[in-house]
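After this come two complexes, each holding chain A, first together with chain B and then together with chain C.
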Partner chain A sequence: MASSLILIPLIAVIIFNLPIMASHKRLPLLFGVVFSLWQAWLALFSAGSLWGNPVFPLPLLSGMHLQVTHLTLVMYLAIAIAAGSALVICWYTLEDGNKRFDVINLILLAIAGMNGVVSVTDLFTLYVFIEVVSIASFILIALHKDGDALEGSMKYILMSAIATLMMLSAIALFMMTTGSTAFGEIAHALRTQPDSLLRGTAVGLFLGGVFIKSGSVPFHGWLPDAYASAPAGVSVLLAGIVTKTTGIYTLIRLVTAVFGFSAHLQTLLLAIGALSIVVGALAALTQTDIKRMLAYSSISQMGYIVIGLGTGTTIGVAGAVFHLLNHAIFKTQLFANAAAVEEQTGTRNMDALGGLAEKMPVTGITSIIGFLSMAGVPPLSGFWSKLIIIIALWLSGYRWYALIAVAASVLTLAYMLSLQRRVFFGKLAAGFENLKEAELGIVLPAVILAAISIIAGIAFPFVLHRLILPIAAGW
Partner chain B sequence: MIDNLSMLLKVYLTAIPLIVLIGVYCIVVTHNLIRVLIGVEILTKAVTLLLIIAGYVTNNTAFAQSLIITLIVVEAVVVATAAGVILNVFKNNNSLHVRNIKHLRG
Partner chain C sequence: MTSVIDIILAVLTTLAALWAVMKGTLLRAAIALAATSVMVTIILFRLNAPLAAVFELSVCAGLITVIFMSTLSLTKPRTYEENMQHTKKRFSRYWLLPPIVGIAAIALAIFIKPFSLYFPFATSGTDVRSTLWNLRQADIIGQILILLVGVFGIIVLFKDKKKSGKEI
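Then we have the complex of A and B:
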């Protein structure tokens, strides 16, 4: 069943690009939205036994050994939510019909790749799927071929190439010392055999690669450039889910299922997490470009996930995964709001904007919900995940880190309030007297995502028992 | 597993750091985007050699070969994409200097 989530979009992309399909330009969008809804439904309500059934008994994939854990289900849901919104927003923010068609196809490829990343049980297959997602992202960022877009894309390509090289060297070293690239066998070998220099190097190299891919401080240089210079709909996809899947999910999965927690690893994770939280938040405060500020806030929120993982406790990991899901929801939504603002006003410079809430009420209100959820204000869903992470830090004795996490929440509130004030509140900036609300296709995803933030916050017990606690019980 | 190193293996193990050095030198010294890409490719070759050795010392050459073929295919796609981006940088600026991708800051 898991393989169908990879194969269906892949086959669909091939079919859409056949010459006989040339007149059906809208079909890929329709397919993408239906597929995302189906995937979200499967992730939420399917029985666990479903995932073992091979719906596509193709010899091609028989050696791929997919595995669907509860963590995978949460990621399926996050991918469906973020990528589905990105599809719709891309369609409505791009004018050129051919570009629209290309973007939708590339996003479908990225969906197939991400579903692969979260289902695999083998390091090398993981690398292949990460590359599928990355290559789709490179092209999506460079879509408009202007100077900034090419620069963002090129930086991402180079950093990603270095990350890939580190991961591949690690894979080779694991193969050398354990004779396999499968998660289970490496984990077994790491637990039973004594530590060796080669194996330590391999773990270090792989973690380095993953930190680059996730854009954690001090490896974050490429991330704001890539996010900010990408077309509006593409940054929704990138910030909402791509770097979270290729970076953070990979980190969580490998640390919990393969490397296992050790004192050194936990110290490293806590340090990088805390650094990301603080540096990301401080850098966000100084930005004037709305998308750059959101990109830095992404780095900061990523820090919360890493620090939650760093506690090494079940509750910390559960909080980290929950924050990952919440981040996919609220960051997708905030970038959707940014897309609406950019689409209607033609600028991302916050100093030139102001008082837009008056003219764009829906965007203004959903943006407030997104920012409150990110800042951790109850009863929105972002509050619960931050609370779980902070409780986990406190309980496992990392009280200073808990204090940093709480203090940085105030910083989050500060930079998001500054964004709200400069873009949506106050007096209407000159030149925007005839401004209208953005098209339905851009506003609707934001409204739905804001609704999800509220519902997931109020129906927190359901989310906790259905999605989060099984993860904590399972690893 | 790794104790009985043959002569051939020793040659390989000296070659890999050398190739890595060449690749890193290539990236650090140049100001030309194409050369940076070539440097990355040289580094990839070093990693490919490492995978070959990994297959050799674990008596698993067939598995290593299948990994390397996949790796070559994936690398080709990455290089094609990167070359496409560099081509467009050249079209916009009429130069391949790395300063063309150093405008965004802060």
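Then we have the complex of A and C:
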């Protein structure tokens, strides 16, 4: 069944590009939305036994060795939500019809790649699927081919090349010392010989690559440029899910299921997490470009996930995964809001904006919900995940880190209030008297995502028992 | 055990790779890269991995070098002075690289004594076809995805419309 989430988008893209389909340019978008809804439904309501069945009617492809864990289900849900929103926003923000069709196809391939990343059980296969998503991202960032877009894409390519080198070297070292790249065999080898210098080096190299992919401090140099210079819909995809899948998910999966926790690794995770939280929040405070501010805020929020993982406890990992899901929801929504503002005003410079809530009320209200969820204000879903992470830090004895996490929440409130004041509140900026709300295709995803933030916050016990606690119980 | 030939091959591969990075002219860097691939091909043959060696030779040393050469033939060549200046800059930027590689090699030799270029699992593996189609199916699907992404990348980035609306 899991293989169908990779193969169906792949086959669909091939079909959409057959000559007989030339007149159906809208079909990939419709397919993408329906597929995302189906994937979300499967992630939320499917029985565990379903995933082991070879439902896909291709017996030749039954040997993909995929595994669907509870963490995978959360990622399927996050991918469906963020990528589905990005598909719709890309369609409504790109002007060139042909380019729009090709971009939707690329996003469908990226969805197949991300579903692969979260389902595989082999380090080399993981690397292959990470490359699928990364290459699609390089292309999508450079879409407009102006100076900023090419610079953002090139920075991402260069940093990714370093990450690739590190990951491939690690895979080679694991192959040399264990004779396999399967998760299970590497985990067994690390457990039986924890002091092996070569395997330790391999773990360090692979984690270094993953930290680059996740944009954690101090490996974050590429991230603000990539997010800010990408077209609006692509920024939604990148910030909403791409870096979370290729970076943060991979980190959580490998640490919990393959590499295992050690005192050194926990210290490293806590330090990088805390550094990301603080540096990201402080940098966000000084930005004037909406997307750059949101990009730095992503670095800060991903720090919360890393620091939660760094506790090495069941509750900490549960909080990290829950915050990953929440961040996919509210960051996708905030980038959708930024897309609406950029589309209607033609600028992302916050100093040139002001009072937009009067003319764009839906965007204004949904952005407030997104920012409150990100700042950890109850009863929104972001509050619960931050609370769990802070409790985990406190109970594990990392009280200074807990205090840093709480203090950084105040910084989050500060920069997001600054964004709200400069963009949506106050006197309407000159030249925007005839401004209208963005079209439905851009506004609707933001409304749905804001509703999810509220519902997931109020229905917290359901989310906790259905999605989060099974993950913590399973490792 | 590692034989003298293997050590010579490893040293030559490293030197060719360093040459590719440090050479100022792109043409010579491409040739150096092809030379690196040829060395890797010989190593792969000696590791009893003939299929990997053939791929390395035909794709990396052959096809990719041809693509590099074709691209270079479409660009404007530098003047002699520009070339000299660029080579000088490259040397000043990368002069630390050879000592770092040398130190890393010495460290590997000292700390990882049982290191050998011969790995039993590389020589005793099952048929490559059955390995690819039965054990590494997900990798093949991933590579098909990468190919398709590359195709769409070329379409999206290089297929532009002229102002008249006619596609080029």
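Here is the rule we use: the second predicted complex is superposed on the first by the 467 of 475 C-alpha atoms of A that agree within 3 Å, B and C clash if a C-alpha of one lies under 4 Å from a C-alpha of the other, contacts with A are read in each partner's own complex, and residues count from 1 in each chain.
Throughout what follows, a contact is a pair of C-beta atoms (placed from the backbone, for glycine too) under 8 Å apart; a residue touches a chain by one contact, two chains touch by 3 or more.
Owing to the predicted nature of the structure, the values given are computational and were not obtained by experimental measurement.
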item: Fit or clash - chain C, chain B, common chain A; value: clash
item: Partner chain in contact with A:L173 - chain B first, chain C second, else both or neither; value: first
item: Touching partner for A:K145 - first (chain B), second (chain C), both, neither; value: both
item: Contacts of A:F129 with chain B and chain C, given as first, second, both or neither; value: second
item: First, second, both or neither for A:V103, with chain B first and chain C second; value: second
item: Which superposed partner A:I157 touches (first chain B, second chain C, both, neither); value: first
item: Which superposed partner A:I6 touches (first chain B, second chain C, both, neither); value: second
item: First (chain B), second (chain C), both or neither touched by A:L37; value: neither
item: Chain B versus chain C as contact partner of A:L403, first or second or both or neither; value: neither
item: Chain B versus chain C as contact partner of A:G113, first or second or both or neither; value: second
item: Overlapping segment of chain C (options 81-89, 117-125 or 135-143) - the one that collides with chain B in the superposed model; value: 117-125
item: Common interface positions of chain A, toward chain B and toward chain C; value: 124, 128, 131, 135, 138-139, 142, 145, 175-176, 179, 198
item: For the chain C and chain A complex, residues of the former touching the latter; value: 111-112, 119-121, 133-139, 141-146, 148-150, 152-153, 155-157, 159, 161
item: Parts of chain A lying in touch with chain C, wherever the complex brings them together; value: 6-7, 10, 13-14, 61, 63-66, 96, 98-99, 102-103, 105-106, 109-110, 112-113, 116, 120, 122, 124-125, 128-129, 131-132, 135-136, 138-139, 142-143, 145, 175-176, 179, 197-198
item: Chain B contact footprint on chain A (complex, rising order); value: 124, 127-128, 131, 134-135, 138-139, 142, 145-148, 150-155, 157-158, 161-162, 164-165, 168-169, 171-173, 175-177, 179, 181, 198, 224-225, 228-229, 286-287, 292
item: For the chain B and chain A complex, residues of the former touching the latter; value: 1-2, 33, 36, 40, 43-44, 47, 50-51, 53-55, 57-58, 60, 64, 67, 70-71, 74, 77-78, 81-82, 84-86, 88-89, 91-93, 100-104, 106
